[in-house]
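I'd like to ask some things about the structure below.
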């Protein structure tokens, strides 16, 4: 990815300082100066508010979008992919057995509250997440660090917990001792969920840390009006020279996609997340607005419970794969801003098998396969539809309707079943469903997060909703999980995908490529597949 | 001839002859009378025709269009109105006119079922509370009070949340929130009728309670109930549409108007026609019921007589 | 010696007045306060009094349309107050009532036929045909025509409606009819029709009436004996000629003199009472009339006069005759 | 008057108890485990259990109810599961937002509705009357959300006259004092912000206020007509007074009582109807707060939110009742 | 006594309803002299109220309309006077009191307020002055505690008191004419006696001409100098009280008087007029009373009778006068006392 080097404009310090003062005083003067357009204030509009600004205790994407600006993690992802690059750690080492990771930290970095960033701070943070008894764990206030548990195999004391010990080697060196190798440990370190909070702030704010974030990032927290806006301002002491470019970032909540676009058109906001794919064409033709796409990092699927008749028959599963018109779904729901799915892994991921071609849309073949399986007279089947929109499936009702329509063409009569979201998840996890709709979004950019969670037999009863149970695949995934060499891992995953393709436990519908729109004044904005990107380098042109 | 007439008139000197008034031999029942007045009310008749129109459209929907409600033509998504698709197409390329026509069935049915349900239970509870009084009245009235203490839409949303979002459950919710409305109306009517002289007279004849309730009190409470039911039709349809709009009512591919609007909402910039027609349909049907309801209120109001 | 068909002894009806923070009883309206009288078979007992003095309450209590607070009501030697609701219901065959308001007392949604057939349905064994026949008969008795049976009350004038009410009351050949101001709402010319009709019916069917009215001349015209009520109590009761020629209670005297008289040559001296009728929820102590009485004495303020027979068959409640 | 107020307040007690029970049961009857919803599709069973435990969802209902009530009595509405913030703190700005919107919607409804009603009654059977009442009928029949969408389309999108989302411009955020932005702007002496706040109120207020406006207009008209044909108005006219005095002094005051009831009731309805309007106009009010909470299974928020709204509704009706006593000397308690 | 303050000439007020045109007042003429009390009697629906409201221009319109005729107030025709002009007349020169004292006062304003309002509409006086006058008026009509009652609300007073307040309000500006539309019908006899007494004394003291509308012949007879009898929207007979009561000329008046139960007469069987009052009808030909009249003959059903002027300024609307046999036939039916 190119890191668009922007010409460093000379900083107008006097200007910024007066601006600061004005902010504290009140809003009247502030607008006046904003009105002049001299100020670098960026308004980023999105559909929902952040739940919490304590990133680790939430899995909410809208939270990390903001915390990404305030906090930093030891490693960072590359601008447009999940490739790792230095973050707060400028260097790192892995022992040969893959059980010891050493990070060398940046020196001279300060938290927004003025305290120093150092190895001790890193240790405090990780221990806070791992140990429910920790003084900053705030378990009493319902803090749960579920992402930590998922990514590191549980919490302190659990069998699967992988971080055995954290060793502060010196002020700026820290060493993690693992109980067993973990192929995606480094990948985890790049996740915004594992960024570093000021221990002093944890002490000061206690459980209210979620409303008073203090990190090392390019922007400092100013204020938060729930369900309306979060205001951040430039961190003048930011350790990366010349950054950030913006003086202020406002995260505005506008729940309706269409309202957001209206606001963008009227110049009220600068960037909007969650553009309706159907509106993309209009945006593209608008000279004042630029269209952005975020690389696919998820997929929606039509799952098949392989334990239920007739879906226990591979032929039927394949037939269904042939029967569903993915292109149509991609077109109808995403206006083409989606990639018809082939593998249960987003394209571009480590080990993505691009030799596998997805099932074509071929109703005739589907009928043949059904006949072969003994269902020439048609089948009746339940199609479970999820009740809520998810990033990978913005309108599940409509997709279900399209699928129902498709299946009807080949003689499968699908009866749509609706459940509330919580029971839906509970019941599908328990295997009550036949055909069902779900999806998966990536977090750390590692294939294991997809394949290991969705298709390993150990996930049955949990995230393996298809109840797919294939020893070969299990074997391959187990190996890949602990391997440290990334090429070796890639190879193992490719093999697994072949088997999965043949066994067809799911119809991988589409990988959506979310579209965004921004005013053409916005420069250097690069959407990241993880949904959160730093705005440090973004600036507004005149 | 003159003597004939005179004789005729002379005979009329009799206590039961109403002077020169033409003797109306035909008995005009109060219902017929009200209906006659209603028929003269032009606005009500307009409302009536609107409803009849939608009923016909609903019943004959399959004959009216060559499209099916779920005929997806993804290539023809979001087409503006044309001779092929009079009202345009939606995001799955379905003909909006067709969906609206089928949707008429749903809306009218929703109104009918929800109102009937609320009417039956509400009337029953209201009569029980009003006629038997004492603690029965206390309990029932308190329940009504409590239910009415919640803004109705909020209560409906909560009920649908319990039951799960679907058209049936939306119906149930709407019926429930309307029960206390009918209940209270009937109760107060029963209470006031209980004091009326003709009920007193019925009691003085030695009639039994049951007969007094069903022959005297109920028929005389009917007028406001009918008016409320008609207007309730309209509100029920609006409430169902609101629930549908919030995603708590009908679901794909049901062409419920509120749900159609909620789906179309994303296309407000791209294809406004997907929003315009379902909205107008809701408004017209509700307007129809309100017009009839208003007319009925006037026609059935004893004050308007003579 | 005439036989009494109805005896009322010490009848009281207090309505509770509720209020205050908990809606508790804070007082009572003494609508009827200790009224006693008898009605003989075949006679017409008139009751007069001003608005709110408790005439209707008395009438309704006798039929137990409202439950009396206290007192004894003996109808043909049966104490009505002791009867169960079901027994009372059956007894209503023999006791009927005609109401004041010819508009409110008929169910507007029933035809005349239905209105009159209802008492027949409950109390008689008649079959459909016989009932029809009886209705026709009744309509003719009250001066309506058979074809009126299929009409609704709103198609009749006030006088005709009152006739329907009378027909309904007559349906089961009752022994006693309580007429609660049956002619007050009618025009003079119609009023005389109804009065004549009622007199005729009384003679034809040997009925007994309690005739309530506030118009003294009407009561005088129709009654055999007349009782005068004031503020919940009976103040004077005697036969009509005695009452009109020789009123004893100062209230009766004032009442009689207040009636406007059409004949310019025959005007009595007028006694104009001062002030208003006190409220029955806080009646004056002693004699209820003492606040307005031109002849009030000290005793009147303290002791309530007894209602007693001062002369033969002439009952008065006044200290003047102690 | 005082006794009446006290009695009315006491009468509220059973209603309040009932409301508390209902909100609590509603919430616990809603199927689905909030822990599961919070954690989503990638949750493991143990994670769900842990979260459940930490949220206290394992306790028997009766215990949970007891805790809920004792908290309520201390004025504690609980803690949001989603944001882990105190609901007391979260709900205030939302209430302010909803109140502000409701207030302006009602203001719009009352000003237009009452005047249209008066003129219609005055010019009974005129063209104005006919069209005003037809318009009012259409108003009552209008789905609020559709009206809101149409407004958005026409005035915000096509004409670009008025903003269609939020309470203020993104770039000029006010420093909230009371969270009533109009009031805040005035307190800040900030005319520009005041203008912005008002501008944002226009479309949602109209959308929300249309139905009550129509209802008020109809009610005003019919009660004015009734009053104007009353005996005492005839008396006043017989004294030689002109139309203006009759209408604005006597008729209006007498017609106020039924209109007031309607206004009270409608204000409550508005609080509910705000859900739809707030959703469409991205208005961060209580309606949307509750709606979001329902989809999130944020039990404490649903519970407390519904309870608070119902409480306000009840209070408004109480105030209306007390106002009657103020206007009408016949009501004495 | 000779000056005519109010005169109606062939007044027609019709109601235009859905079920047709109703000529509620169909050619009424009458005269009211200074200081005189004229009564209008007639049964319900005969057009008494509509006549009085027509004079004040208070007919609800639509549906009512003064179709034709003259209303001469002090020789000036006010039948088509402007609303502005009428506002000056109403209350100030012609005052009116109504039947229902319960509903005829605005429940939301104090007694004082309502009287003061009337005074200040016509005279430029200060509030304080007006209030003092209001209290004086209340005292005049015999209200005890007048200075307290001014600040009370109508619901705090009894019916009789309210009617006194109404009278006080009407008399506050010393009107030339007082129209009283059944002022005592809703009251008890003892209270009625008080009110009638009050009106009589006001009439004497202030020389106010009174148009007294009632259906009670007794009241008319005690109060009035002259009487107009109305039937079905028309005047059927006119004369002095004594003449009308003692020597009625129209069969209707005759029947009416005979059907009254008499308090001071021993045993008597009541006469009754058959049938019911006919409601006024448009384009009706024939005598409106004919169907109930025992003397009716052919002509009565074919032509509409005129008002015949008889001796002593009396008038009667009956063909019998034409036939010259009216008086004799009725001779024996005169009221006996």
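Labels for the chains are A, B, C, D and E, by order of writing; each one numbers its residues from 1.
Just so we're on the same page, a contact is a pair of C-beta atoms (placed from the backbone, for glycine too) under 8 Å apart; a residue touches a chain by one contact, two chains touch by 3 or more.
The structure displayed is predicted, hence computed values, not measured ones.
Distances between chain centres, each the mean of the C-alpha atoms, put A farthest from chain C. The greater number of contacting C-beta pairs, out of the two interfaces C-E and D-E, is seen for C-E. Centre-to-centre, using mean CA coordinates, chain B is 46 Å away from chain C.
A separation of 89 Å divides the Cα centre of chain A from that of chain C. Mean C-alpha position of chain A lies 50 Å from that of chain B. Computed from the mean C-alpha positions, the centre of chain A lies at a distance of 91 Å from the centre of chain E. Across the assembly, chain C contributes 157, 160, 193 as residues in contact with two or more other chains. Residues of chain E in contact with two or more other chains: 272, 274, 276-277.
Counting only residues that touch two or more partner chains, chain A has 256, 258, 262, 420. Remark: chain D residues 30-34, 36-37, 39-45, 47, 50-51, 54-55, 79, 81-85, 90, 93-94, 152, 156-157, 160, 163-167, 169-176, 188, 190, 192-193, 279-282, 284, 288-289, 295, 297 touch chain A in the complex. Chain contact summary for the complex, chain A toward chain D: residues 26-28, 30-31, 34, 41, 43, 45, 51-52, 57, 59, 139, 141-144, 146, 149-150, 207, 210-211, 225-229, 231, 250, 252-256, 258-260, 262-263, 266, 268-269, 388, 390, 420-423, 425-426, 429, 438-440, 453, 461-463, 465. Looking at the complex, you find that chain B touches chain D at residues 43, 142-143, 145-146, 149-154, 157-159, 161-162, 164, 234, 238, 241-242, 245-246, 258, 261, 265, 268-269, 272, 275-276, 278-279, 282-284, 286-287, 290-291, 294.
The residues of chain B lying in touch with chain C in their complex are 15-16, 18, 24-25, 27-31, 33, 196-198, 200-208, 211, 215-216, 219-220, 302, 305-306. Per the touch definition, chain C reaches chain E in the complex via residues 50-51, 157-160, 187-193, 195-196, 214-218, 220-222, 241, 244, 254-268, 270, 272-274, 276-277.
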